[in-house]
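One structure below.
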């Protein structure tokens, strides 16, 4: 367990955390402002990846594929909003969960019918292929650094949007005091659409950015969705700052846990059971973390007031 | 003189930098109706919440019949004889009026860890509940779902729930709020009838009600007690006149 | 309520309709994974069998075939229920499947005790090869350990000193690394088990890079392999060490791995370019039938399962009522396998050759190609524990 | 309360159909139908328990499959050591489920609404990973039961039909138990705590303790369901307790009509039969099933039972 390895793993954790943030940000916005649990957020991440693969195959240019995929994902998202989600906003959480779960089933199967069951892939744009040398003998892929960088940039943009613009103010107000916003005479429906569309684009962006690293396959959004929920619950629903901190926390705990759990267990038990128990404990860590956080802070790290 | 039913000593509550209750001390004696008045934001509901246990005070002590209840959860306080009504009506909307009250009876009458036998068929519970409903003149509406009662009836139902608890001290948080003049009159009549059976603390904006009912009045502004005494004394207090009553009575 | 009643009726009708219709048809059930990320493997299995039937003019053993395809959803309890449906409702004589070992373990009892023959065109667990071998169970693939042993032997023969090995944390993963170590006697830099269906291998790749190994051996089937291979290449490790694997680079994953997997090694009992006329015809036929996809081992082993049923049935005159005669016929493996040499051992697992295969580019597609034969007529290590009744 | 006045015809009809189904099945594919309906009833028990929590107590648990898994694994692990006596294994399964419910309930019930959903999910996932790491008992692959449970040494469940009726009895028992509990003093407090926990506290109920007892009751029934599931499939695996399974249980509850108890049984039946039938029609059955869920939420408030009632009302009006 060398120092360089620790640094590399920390970077890996950061990259994972940033990815989770991109997904969780939209989820927590939609949940916070609209009081709408959107399980279909994960499939929107998947759609982003699939659309990018499709547009890349058509154009051969990553940037065009990225932009086109974001646009198409936004259109599909708004279509869903218009046909289904809009009718769910005033329903209780349970009904929202079931209906959006139905959308998951449909779209997961849908992409399989359209693009096939086999995993697809998106190449890394040439500019960012390759690795950088962190220290002699330790390489790090440029693309992963790109993900970290673009994720942090998005976080900064979000921060500016939320604190400096009128829509941002409304969003912030909406996340904490929903009825005040409608009392201000704002067209709540339009605000919801903007928030929803924005969340969709963030998820799709995450999907496009990760596509060169992970295989693009049906159901790829499901596990990420659960993690994103863990993130927003730990962070406190509706809190962008909470989502950011919780995402990095989860990313780091999960990655570091996976890489060092066995080594740490080996200190206290023989190697063979450590190898078996280690991964199980590592998988469990984030859930243990969530249970602990909620035990001591039942409304997350940064609870939105008035909720 | 006997132990007061409620004794509050130097109660303090702040939310961050905002002081909402600022060193309040107050006694309520057996059978006394003590009204707390004050402008909006004076900290009246905050005070009631601390007494009933839904809000934890930052400092100070609360005694009920000599027992220190400052750290007790609401359900334990209820068992010691503390009942309350809420400023924003708080009943069980999908329970009938009778069941709302029967639950309060059930809370005192034996264990509620009974898993068999239909609770709604227990005559002892139902009779006691019906008696409480009769006292607030809701007996005719007993089978209606609470959600279907009128606003005034819901306030009366809250009162019936409190009665069914056979309290030693009843906290009333603006029972007249949002009711029409006729319903107010009716509620004042009901309270008049109950007066003397147990101690009451009445938080109310309706000055007619306050002066018709109160044995003593405390005026609360900015979380402090400005004045305290018999209605006539309070009415005559110049500080109160300027701070509160003056504008309100014009 | 009416809904419930009518669905009862519908299920009942479905059952009777199936029994009434087509007395003469040979009924074969297929239990395979058709949903979730692993569906691509399950489809290969189904396609292979369908192609075998088609190439035989829609018949096996001289009888028309009715195929009942069931999706096990990769959930063992669902698989059990579907398998029982095949036996009881559809009255199948053979069940072909599944892909995954845990599904095999789950459906073994209901299928074989229900009186059908279970033919596995992929999963071949050690328990059924050894102590729990079953007279009504045949395997046309391999014993799970064997492909890993191929790589272990290769690493040993190549004189490698230090290898990093990794597999998912489930029983097949443990068997895999055990199989590799059975033949590889050099230093194991580290033995890592990752959670099943892990997507991001950044943590493990850093460890691999830091370990200073000559080669990495992994068993990461399906989507796991796609992710790992891409990330391995991106981390710049492909130029530093050899990539040995089993079930990680094959025709089901190569369409997504593409260039990233070029030159990587795998252990297998077959490759699309295995040189015999029948195989050539199969590979061409498969590509034509299924949008140009190159078949993987799953498809070929399933095709062989079809040939096995065909051959055995012909030997008993197409009759399925005498189970003992049919079993005896199956044991003789009366068909020409696409892989050439093939016979069953006493435990009904194949005795066959194994190869080291290498990923190559064929036109604009990628496939595995035979690089070197590692074992000849190889019997699995568990066969000796089998006392077949 | 409406549950008292609701007509008894529907629950009676449901149990009548379940009691007679084996007779009808004997004309068709008997064991298959028996198996299918056994599964329906077993999931019905778990769904009942969940409906008790969600529908009456407002506690939406997203980790209820954990209890099913605990019950199933208790049966299987005892089985692996050669103990299949119901008189031993079933009580142990229930006790272990109750303990798990008590401990996790103590933590979970501190939180509200969505936080409760997520923390129950967290515990569900933890136990899922624990099961996956039980390598002596098959790890992720799961474990086959050598034989079904026996009662005082007699293999009374070996016959599929006997198992069916045993499960039916357990379902009926669970249903009657929960109905009694819901109407009891305890049930009234539990229902009240869903409507207005603050009010319940101020009239003197320690809401948390009541909710925890209810959570333990539901956990035990979940464990019972798992115990029976292990016997029916003769197989257990960690997938029994995955979060998808917990989600499916919630769907069953909502599908039938939440807060009715018998709706949960209808929901379980509708869900599993639909899955089975649609799966028989096309491998892309989720393309049909997904939109169905959406439509049910959009147009059939109160699930299938709600739909039936509203249709009945419309017919009688027109």
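In order of appearance the chains are A, B, C and D, and numbering begins at 1 in each one.
What we mean here is this: a residue touches a chain if its C-beta (ideal position, glycine included) is under 8 Å from a C-beta of that chain, and two chains touch if they have at least 3 such contacts.
These numbers come from a predicted model, not from an experiment.
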item: Chain separated most widely from chain C, comparing mean CA positions; value: B
item: Distance from the mean Cα position of chain B to that of chain A, given in whole angstrom; value: 48
item: Distance between chain centroids, defined by C-alpha means - chain C, chain D (Å); value: 35
item: Distance from chain C to chain B - Cα centre to Cα centre, in angstrom; value: 74
item: Separation of chain A from chain D, taking each centre as the mean of its C-alpha atoms, in whole Å; value: 32
item: Junction residues of chain D - those touching two or more other chains; value: 132-133, 135, 286
item: Residues of chain A touching at least two other chains; value: 109, 112, 276, 279-280, 283
item: Where chain B touches two or more other chains, by residue; value: none
item: Contact graph of the chains (line, ring, star, complete, other); value: other
item: Pairs of chains satisfying the touch condition; value: A-C, A-D, B-D, C-D
item: Chain A-facing residues of chain C, complex; value: 34-37, 39-40, 43, 169, 191-195, 197, 199-200, 202-204, 206-207, 209-210, 222-223, 226-227, 230-231, 234-236, 252-253, 255-258, 260, 293
item: Complex contact set, residues of chain C against chain D; value: 1, 3-5, 7-8, 10-16, 19, 34-35, 69-71, 74-77, 80-82, 84-85, 87-90, 101-102, 105-106, 108-110, 169-172, 174, 196
item: Touching residues on chain D, where the partner in the complex is chain C; value: 10, 13-14, 17, 21, 24-25, 27-33, 35-36, 39, 132-133, 135, 138-142, 144, 229, 233-235, 237, 239-240, 266, 269-270, 273-274, 276-277, 279-280, 283, 286, 304, 308
item: Touch list for chain A against partner chain D, complex; value: 31, 37, 84, 87-88, 91, 93-99, 101-110, 112-113, 226, 229-230, 233, 237, 276-277, 279-280, 283-284, 287-288, 290-291, 294-295, 298-300
item: In the complex with chain D, residue positions of chain B that touch it; value: 52-54, 73-76, 78-79, 83-84, 86, 90-96, 99, 102-104, 106-108, 111-120, 122, 161, 165
